[in-house]
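For clarity, chains are labelled A, B, C and D in written order, and residue numbers in each chain start from 1.
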Amino acid sequence: MVQSMPDVSPTKWHMAHVTWFFETFVLRPHLDEYQVKHPKYEFLFNSYYNAVGPQFSRPRRGLLTRPTVSDVREYRRYVDDAVERFLVDRGEEIAPELTQLIELGIQHEQQHQELILMDIKHVLSCNPLYPHYHESGPIPDSGSPGESVWTKFPEGLEMLGYSGDGFAYDNEMPEHRIFLEGFQVASRPVTNAEFLEFIEDGGYRDPAPWLADGWAVAREQRWEAPLYWTRQQSGWHEFTLGGLKRLNPHAPVCHVSYYEADAFASWAGARLPTEGEWERVVRDRPVEGNFVEGGWLHPEPGPAAGDGPHQLYGDVWEWTCSPYVPYPGFKAPEGAVGEYNGKFMCNQQVLRGGSCVTPLSHIRPTYRNFFYPHCRWQFAGIRLAANI
Amino acid sequence: MVQSMPDVSPTKWHMAHVTWFFETFVLRPHLDEYQVKHPKYEFLFNSYYNAVGPQFSRPRRGLLTRPTVSDVREYRRYVDDAVERFLVDRGEEIAPELTQLIELGIQHEQQHQELILMDIKHVLSCNPLYPHYHESGPIPDSGSPGESVWTKFPEGLEMLGYSGDGFAYDNEMPEHRIFLEGFQVASRPVTNAEFLEFIEDGGYRDPAPWLADGWAVAREQRWEAPLYWTRQQSGWHEFTLGGLKRLNPHAPVCHVSYYEADAFASWAGARLPTEGEWERVVRDRPVEGNFVEGGWLHPEPGPAAGDGPHQLYGDVWEWTCSPYVPYPGFKAPEGAVGEYNGKFMCNQQVLRGGSCVTPLSHIRPTYRNFFYPHCRWQFAGIRLAANI
Amino acid sequence: MVQSMPDVSPTKWHMAHVTWFFETFVLRPHLDEYQVKHPKYEFLFNSYYNAVGPQFSRPRRGLLTRPTVSDVREYRRYVDDAVERFLVDRGEEIAPELTQLIELGIQHEQQHQELILMDIKHVLSCNPLYPHYHESGPIPDSGSPGESVWTKFPEGLEMLGYSGDGFAYDNEMPEHRIFLEGFQVASRPVTNAEFLEFIEDGGYRDPAPWLADGWAVAREQRWEAPLYWTRQQSGWHEFTLGGLKRLNPHAPVCHVSYYEADAFASWAGARLPTEGEWERVVRDRPVEGNFVEGGWLHPEPGPAAGDGPHQLYGDVWEWTCSPYVPYPGFKAPEGAVGEYNGKFMCNQQVLRGGSCVTPLSHIRPTYRNFFYPHCRWQFAGIRLAANI
Amino acid sequence: MVQSMPDVSPTKWHMAHVTWFFETFVLRPHLDEYQVKHPKYEFLFNSYYNAVGPQFSRPRRGLLTRPTVSDVREYRRYVDDAVERFLVDRGEEIAPELTQLIELGIQHEQQHQELILMDIKHVLSCNPLYPHYHESGPIPDSGSPGESVWTKFPEGLEMLGYSGDGFAYDNEMPEHRIFLEGFQVASRPVTNAEFLEFIEDGGYRDPAPWLADGWAVAREQRWEAPLYWTRQQSGWHEFTLGGLKRLNPHAPVCHVSYYEADAFASWAGARLPTEGEWERVVRDRPVEGNFVEGGWLHPEPGPAAGDGPHQLYGDVWEWTCSPYVPYPGFKAPEGAVGEYNGKFMCNQQVLRGGSCVTPLSHIRPTYRNFFYPHCRWQFAGIRLAANI
């Protein structure tokens, strides 16, 4: 029920919000006799859809002691029942637009499942007792994954974006042509050990590798390490959903902002990949890795380097150096769902590949996630790229 | 578990804090074999005793999902048991200083019982569903208490402060002489109806009757009525611990800041009483009124005016125009309990008389409460005074 | 023309404001044919008189590049001429109320003369080149004034406030009776050397002697010494109107907030005097000392201790522990000049005695100055008192 | 000497800073015997070059009453003399790197000449007297430029960036290939009349066309029109460097943020051009228009629409929808001048074409200007584009 910063929402709120999404976009417009569960829930659980109506102040979501958790569970049952009845009643006749809305509601809920884990981790991290969300053993140390190696990709006209028949968000479309200069990409994400070298080399004290805005934030917030890292007498530890654990040097570094990712890359004499490059790299590779279904909920060390880029999916979202902008020809859908993605296409950076708290079934090669460059509570890491 | 502003603490925190008070000031120094319940509780539940050690950030108390409510109840039982055993074991031999500390612990807990009700009211008021804390009927309307009348008191050298053998806080002592000019005092607190006249006369739009600091706060916070008042189509309502209710014009106005109390008094051609005047007025009057024991938890209209000041105790704390300063010869106790009152003697105003959420047994004629002049979440009202 | 913080005003603004005061309170109401110099000057140079009209935002006074300094000088001549003509024309017939307003305008201007020096010092102090306002030699070291000694005053009913025929501000009246317990007062202000002992004893690192609000401000503002002190390799220096100078250990400490004065007094096992005590002490002593007329513009070491309190006037304003409140029976004048003092009687502390930048002719034994407890840019110091 | 917001610098500071630039990057490293004018000037007038050393706080530049304007003029003469002597002494032998640094110093100074006019306009606009910077007549009304028409450009692989032998900033290089979808662009910038339609249609009250971040800023800042617009009884006016003037409906709208430009475009059913599209459009067009050399210092209405895009240069900087990012293969120069552009490549948007306060000789087709999306004090306007 707690909200530890404006970006975080209480778990109860997430549950009510994804329920409200079905009520608002599926049931109310398409089920004539539908009665909303409570007239004020729309105000309380609308996140940001101005076309639907005004919203309860986001940073105050943690103040709502009512409805209670059991009220929200009942709300959920009420809406689930109505959706099920609706689907059964309509049977085959359901219009494709409606199917798409239901699909959108499910995909939307998957996004909030990831947010719930991010938010719970943040809330628990504020507590000096270091409570854990689930029991998990020490981070396994499978040994060093070895040096990262570069794989080269030649220049050329490439395709970017989604074009298939399945589900994809509006922001992944339309598929379009881009010209890529030749580039190279690292075989695996940057590890904690590598990031420690950056720290020990004064990475947080020297402005040289930083973007100006990044340096300003790092100074103001007194960053000295990734979020959730803490230096104890016995060495570096990190707070995880399984409690406070000794830092595994071989696992991918996680919970870094774009500013830290960019500064690390500059310090390392490299850069971050563009989203076009990233999508070129993953082409024809299967979507598999350490996702939420594995239940581990923390990035794992990768295997020893093979002969090409790997660990692209799962573990950590990979920051790209591409600002989140509409693809050429992008069109937001009509109506309130048009607010889903388009209005956020400014001031954010694209991340790719999913993380250890993302559902595997939620991810596609063309999937675009996005956060502000200062955000650190998502499970975000670093893959290096370079010009040839 | 929720904290709606920095001044508010979660109920769970209050319970743990008053428990910690006994652990810290009674058990640990006087019971050799005592084992603290948890080594981090001191950090979490120390409010402001620097001499005891560092404290968890006050505005972040609402983030502590652990210890849970049942953990805190168990902490309470653990400490209660230890105190009981201690008292039984020592029997008659308990030193007077120790008795005083236990008494202080009990008085301290009474203060937090009032704070719990204030804080719950504030938390619930943030919720547009207007949840109630307890079931209570409409505010009874016993009819108008009639016009307030003035009672005169002659000039003279008077005594101020506590001098008996019972319990009193350090800030009520020593008893000392003050010279009072002749003055007069109103027979009853200002009512909602009277305060509405102030509002309707432009009280919140005209800077003339306001203190400069008060006007600045009122503009910045966009005050237009006392806290918890809301104007609906059907007229003024106020949020109470029994939910949202129609404003009773005859009840004492409540939840006004010192700035509003002072502005009202200026507008009315009067002033607020000094604490010396207030204590002179209550001399020889019994401590009785609408206190928490009555269970009503809201100010009640007083009886029709009799032949002198009444309704001095209970219902609403009465703002005085006296800044909260030490009495001549004041000495804070040695050690950490010396931080109880003395270090707050700046920038606050004294209030007198207790309120409908104060325990009756907690109040004395010499009792000094204090809040910053902008605070409104305590049950504070207005009694007028004037020069002769 | 520069404004280094909201409390500071540009010198040009001060000059225009005191001019506007005569225009507004003397010329416009009493000189029928008077034409204001410029219709917008009232908006620009009204400080806080709501009854006169709206005011240009105080923290933005430094943005006004027009009117220029020479425009303001011309405004001044214009108003001076009009006042002179007015006085000559009226001759003997001038009503006493009008004489009082002119007197008030002159006294008001003296206050701004002190503010101008305070404000210039603050502006120059922001510049790492340490520019000086006037040429002055090193702070003379006349040797140590010796130990401070206590003088005792017996308990009794005393008079406080002004009752004569001369000019006094409304806040000094009416004269009234107070009862004082017996007390003692230090023979001289606290010196820099004594304050250094406080610093070296950890005064800014230990919360014990501080008021809670003071400690919070000191932490937030990272205070480590009085304002304008700076520790250099060669030792402590202080910025003065004559530039950066080596700290003279024997001069009175200056530019301390009320919080620092109170913490110092607690640390020293003493307290600050009340304003009643201070006024009792100065009774029958001549008003003389290091005032602005001496041209030194900095506190000077006092003479070796004689047989009683001295150096009460000039050098540094002396913080009292009395909050700035109206005297019993206080009445603000009718009309806009009623805003001069009364509306500030909250949240501030009284200071007494004048300083090295105050005009001698401006000071009386009953003179009450007042600042917020966190303010440090006024020339304020410390005199200790204690109970007997 | 005044600084009206953190982004603004005093004119005196600009003059000292561009002087310092020559001292730091030309004289000190290349002229052995060179003595800096003053050891503290580096600290005071270094803008953001961390590799050179620490910097005086940017938002406090307006507090520096010393060095005075004449001190700075003397500093300028001192450095000018040294540079001239240096150039004469070296004659033909000057290394190309050094020539480039001198060229960079001159280009840098041109940028600050534009900033000076922007900053003076902002400072004067804070003054309710509406002072003017220069005398200029009413904005001429040459009649309506007529409807804007679209010109189409076909899809294709295009070149973006600078490749010639002349001067260009590092951020314009390297020239590289991009793929453009077919697009169309408006013949002229959006006019005040067109922007008024947006306002009158509720453009500032309806969140629908706005980016989420833009709407938040517009609400918080209470935007209701472009910066410097003010609605008077007689109609809309705008503050110009020639004082307050009646709004010319046919002139290009100016002083809009990216958020307003983007919202206007959405409202108009169009979008902003990418910088690649913009550069494609201007190819082979001469750089000419209403630049600072014309002395008018305000956007002018364009001619009646001809048969293609015009008014691309001068008048107003045109917001593009391209975030300011490095071109593929971008390399910042070695050393402190590498901080000139690269570290700002985040969170900003590219603008193209120069404005009425830009030197004509400063602009190239490939010139990239950049501001944060909320900034409005630069002379920025809107050109629409659309998909085909």
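Just so it is clear, a contact is a pair of C-beta atoms (placed from the backbone, for glycine too) under 8 Å apart; a residue touches a chain by one contact, two chains touch by 3 or more.
As the structure is a computational prediction, the values presented were derived from the model and not from experiment.
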Shared interface partners, meaning chains that touch chain C and chain D: none
Chain located farthest away, centre of chain C as origin (C-alpha): A
Rounded Å distance between chain A and chain D, as computed from the means of their C-alpha atoms: 36
Chain centre separation (chain B, chain D; CA means) in Å: 58
Distance between chain centroids, defined by C-alpha means - chain A, chain B (Å): 47
Touch-based graph of the chains, sorted into line, ring, star, complete or other: ring
Contact set on chain C toward chain D in their complex: 1-2, 4, 40, 43-44, 56, 60, 62-67, 123-124, 126-129, 131
Residues of chain C defined as touching chain B within the complex: 48, 50-51, 157, 176-179, 181, 207-208, 210-215, 258-259, 262, 321-323, 325, 328-329, 343-347, 373, 387
